[in-house]
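Below are two complexes that have subunit A in common, paired first with subunit B and then with subunit C.
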Partner chain A sequence: MSAAAELLDRLSTVRGIRGSALVSASDGLIVAESLMTGVDGRAVAALAASLVNRLRRATECAGRREPMFLQLHAAEGTVLAAPCGAELVLVAVAGPDANVGLARLEMFEVVGRLA
Partner chain B sequence: MRAIEPWVKAPLERFLGESSARLTLLMTSSGQVVAQHGFTRSVDVMTAAALGAAIVASTQEIARLVGEPKFLSLVHQGSSQHVFLSGFETPRGRWIGLVVFDGESTVGLVQLFFDRLVAELVAAAPREAPAQRVLPENFERELNASLRALFGR
Partner chain C sequence: MSDDIRGMTAELAADPDSLVFLDLGEALRRRGQLDAAYKIARTGLTRYPELARAHDLAGRILCDRGERDRAFEAWVAALELDAGLVSAHKGLGFLFHQAGDLASADKHLAYARQADPDDAGTAVALERVRALQRAAPPTPTASAAAATPSAPSEAPPGPAEQAPAGSDLAAEAGLPFSFEEGSPSPVQDAVFAGLDGGTDGLLLVDSAGLRLGGGLRSPEGADVADSVAALLAGVSKEAARTARLLELGDWRGLAVECGDGNLFLSAPTDSTVLLTVRGLDMPMGRVARFAERASTAARAWLERTG
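After this line comes the complex of A and B, so read on.
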C-alpha cells in the first residue's frame, strides 16, 4: 500500500468520514482513494478539484492567498477539501454524524505529510 | 450550438453548460457531423470531424493489436488546450464525441459530464430506423444541407 493510501485510510477512521481521496488539481482525476461504496469518487474528485481551483482564483483576485480549507455543509453531510501543494487536493466526504473538527485536523496532518 | 438532430440539443446544451468545453463536435464513426458547438467555419468542422474519426479508427486498431476490445476515450494534453475523444454506441449507431477544453475545465470534469451526455443521448434517441445511407449522387446536397443546419447559412 502506498503512503498516500495509508494516510487516506487513517483519515477514513475518523468518526463519520465516509471516505477520502487525493485528487490531481489540474485534471480532476483520482490519485489515491479510500471511499465507501455509494460515494461516486470520480464525480466527487472532478467537482471538488474544479471548486478548489475556482476558489483559488477567487481568493487570488481578492488579493488574498490561496484557500487552506474548504468546508461545504449539505443537507446530509459535509464535503471537506484542502489543497495539498499546487498539484493535489485532499477531499473527504463526511456524514451528518462526523466529527468535522477532528477530520479537519487529520486532513491538515495528511496535507503536511504529502506536501 | 447547432445540431442536425433536434433531440441532441438538450443533452448537448447541458453538457456544454456543465463541462465548460470550448468546442464540441458529435459525429458518426464515419465522420458525418451530427452537432457542433464553438466552431465558426464549416471547413474547421469538416476537418476536425474527419481527423477525429480517423484518430478513433486508428486507436481502435491499436486496441485490437494489444488485445483490448476498444479504448473508451483518448485525451490529447496540450499546454493550454486539450482534446478529449470518445466513441460510444447509440440507437443510431456508433458516434464519436470530440471536445476541446482549456483551463476553465479539467479532463475529470469533461469525462464525468461526457458520460452523462452519452447516457442522455442514448435515452433520448428515437428508436425508429436510422436515416438512409448517403448515396454518392446525393452527397453534395446532403453535405450542404448539413452545413446549413450546423451554421445557419
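After this line comes the complex of A and C, so read on.
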C-alpha cells in the first residue's frame, strides 16, 4: 500500500467520514482513494476539483490568498477539500454525523505529510 | 494617565499601524482630553482614510469640542464608507436633534434603534424626538444648523434661515441620500443595515453574477465587488451540483479558509448568493453565524424590494 493510501485510510477512520481521495487538481482524476461502497469516487474527484478551481479564481479575484480548506455543507452531508500543493486536492466526503473539526485537523496532517 | 491609556499608547508607539488608536482616541475623549484624542484620531485617519470607525471617532471628538460642522462632515464620511454604522447614525441624529430638524433626527435615531434595540440611550433619544414632533410641526429646513459652526446653543435653533436645507447640505456633503421629508433613506433600505461590514465584506449577488447589494474590497483596498460577484454565481452552481450529484441534498453553505481570511458562501434564496468575508480574527464558526444573520437581512431586503 502506498503512503498516500495509508494516510487516506487513516483519514477515513474519523467518525462520519465515508471516504477520502487524492485528486489531480487540473483534470479531476483520482490519484489515490479510500472510499466506502456507494460513494462515487470519480464524481467526488471531478466535482471537488472543479469547485476548488472555481474558488481559487474567486479568492484570487478578491485579492485573497489561495484556499487552504473548504467545507461544502449540505443537508445530508459535507464535502471537505484541502489543496495539497498546486497539483493535488485532498477530498473527503462526510455524513451528517461526522466530526468535521477532527476531520479537518486530520486532513491538514495528511496534506502536511504529502507536501 | 491611566494604565489602559498608557498601555494603548505604548502599543501604538510600537506599532503605528495598529488599530488600537480607535480605543485610545475614545479613551482620551472620555477623559476629556479632546486635543490629544483628536490628534490620535487624525493620525489614524491619515493611515486609514477608508475606515468608517476612524471617521466616527473623529466625529465624536469634534462634537465634544463643539465643532458641529466638522463633526457632521466626519459622520457623513463615516456613513459614506459604511452606511450601516450605528454610532454615526446616532451622532447625526444628535446633531439634527440639536439643530431642530426632528424629521432627520428621527430617521437616524430610528435606524440606530432598529439596529441596536438594546441601547436604552437611543430609545430615550428617539422617544424624546418623537414627543417633540408630536408637540410641534417638523421644521425640516432647520437641519443645516447642525453643520453651522455658529450654532453653539443646546436649544434647538430657530427657523430655517440659518443655512441651506438639510437635503441640500447632505448633497453638498456627498451624502448618498436625501433628508427630504417622507423620502425613504437608502441607508435604512440598505441590504445589510445594522450589520458590521455592510459595505465591505458582505456581498449579495443574483444568479447572473450581478451585485445586488453590499460591497467587497481587497486587503489592499481595491473595490473588487463586481469582479468577484461575476464569479460567485458559477461557484454557487458548482456547489449545488456537487451536493446534488453526491446525493447530499441541498447545499447550505460553503466555508473557505484562506491564508489571510475566512469566506462563507450561502444562498439566502434560490436565486441569490451571499458572500461573507472576514479576517482570520473571526473564527469560521462565528463567520458562519454572522453569515446566517446577513442571510436573514438579505431575505428581508429582497422581500421589501420585491
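We take it that the second predicted complex is superposed on the first by the 115 of 115 C-alpha atoms of A that agree within 3 Å, B and C clash if a C-alpha of one lies under 4 Å from a C-alpha of the other, contacts with A are read in each partner's own complex, and residues count from 1 in each chain.
To be clear about the criterion, a contact is a pair of C-beta atoms (placed from the backbone, for glycine too) under 8 Å apart; a residue touches a chain by one contact, two chains touch by 3 or more.
Small disclaimer: the values here were computed from a predicted structure and weren't measured.
Engineer: Answer with clash or fit: subunit B and subunit C placed together on subunit A by superposition.
Structural biologist: fit
Engineer: Residues of subunit A touched by subunit B versus by subunit C: which partner has the larger set?
Structural biologist: C
Engineer: Which partner does A:S50 contact after superposing on A: first (subunit B), second (subunit C), both, neither?
Structural biologist: A:S50: touches subunit B and subunit C.
Engineer: Which holds for A:L70: it touches subunit B only (first), subunit C only (second), both, or neither?
Structural biologist: second
Engineer: Determine, under the contact definition given at the top, whether A:R42 touches first (subunit B), second (subunit C), both, or neither.
Structural biologist: So A:R42 only meets subunit B here.
Engineer: A:L114 contacts which: subunit B (first), subunit C (second), both, neither?
Structural biologist: A:L114 contacts neither subunit B nor subunit C.
Engineer: Touch check for A:D27: first (subunit B), second (subunit C), both, or neither?
Structural biologist: In the superposition, A:D27 touches subunit B alone.
Engineer: Once the two complexes are aligned on their shared chain, state how close subunit B comes to subunit C by Cα atoms, in whole Å.
Structural biologist: 9
Engineer: Do any residues of subunit A touch both subunit B and subunit C, and if so, which are they?
Structural biologist: Looking at subunit A, the two contact sets intersect at 43, 47, 50.
Engineer: In the complex of these two chains, what residues of subunit C are touching subunit A?
Structural biologist: 216, 218-220, 222, 224, 227-228, 231-232, 234-235, 238-239, 241-243, 245-261, 263, 277
Engineer: Spell out the residues on subunit A that touch subunit C in their complex, using ranges where they run on.
Structural biologist: Answer in residue numbers: 39-40, 43-44, 47-48, 50-51, 54-55, 57-59, 61-79, 93.
Engineer: Over in the complex, which subunit B residues touch subunit A? Could you list them?
Structural biologist: It is residues 105-109, 111-112 of subunit B that touch subunit A.
Engineer: Please name which positions on subunit A make contact with subunit B in the complex.
Structural biologist: Result: residues 23-24, 26-29, 42-43, 45-47, 49-50, 53 of subunit A touch subunit B.
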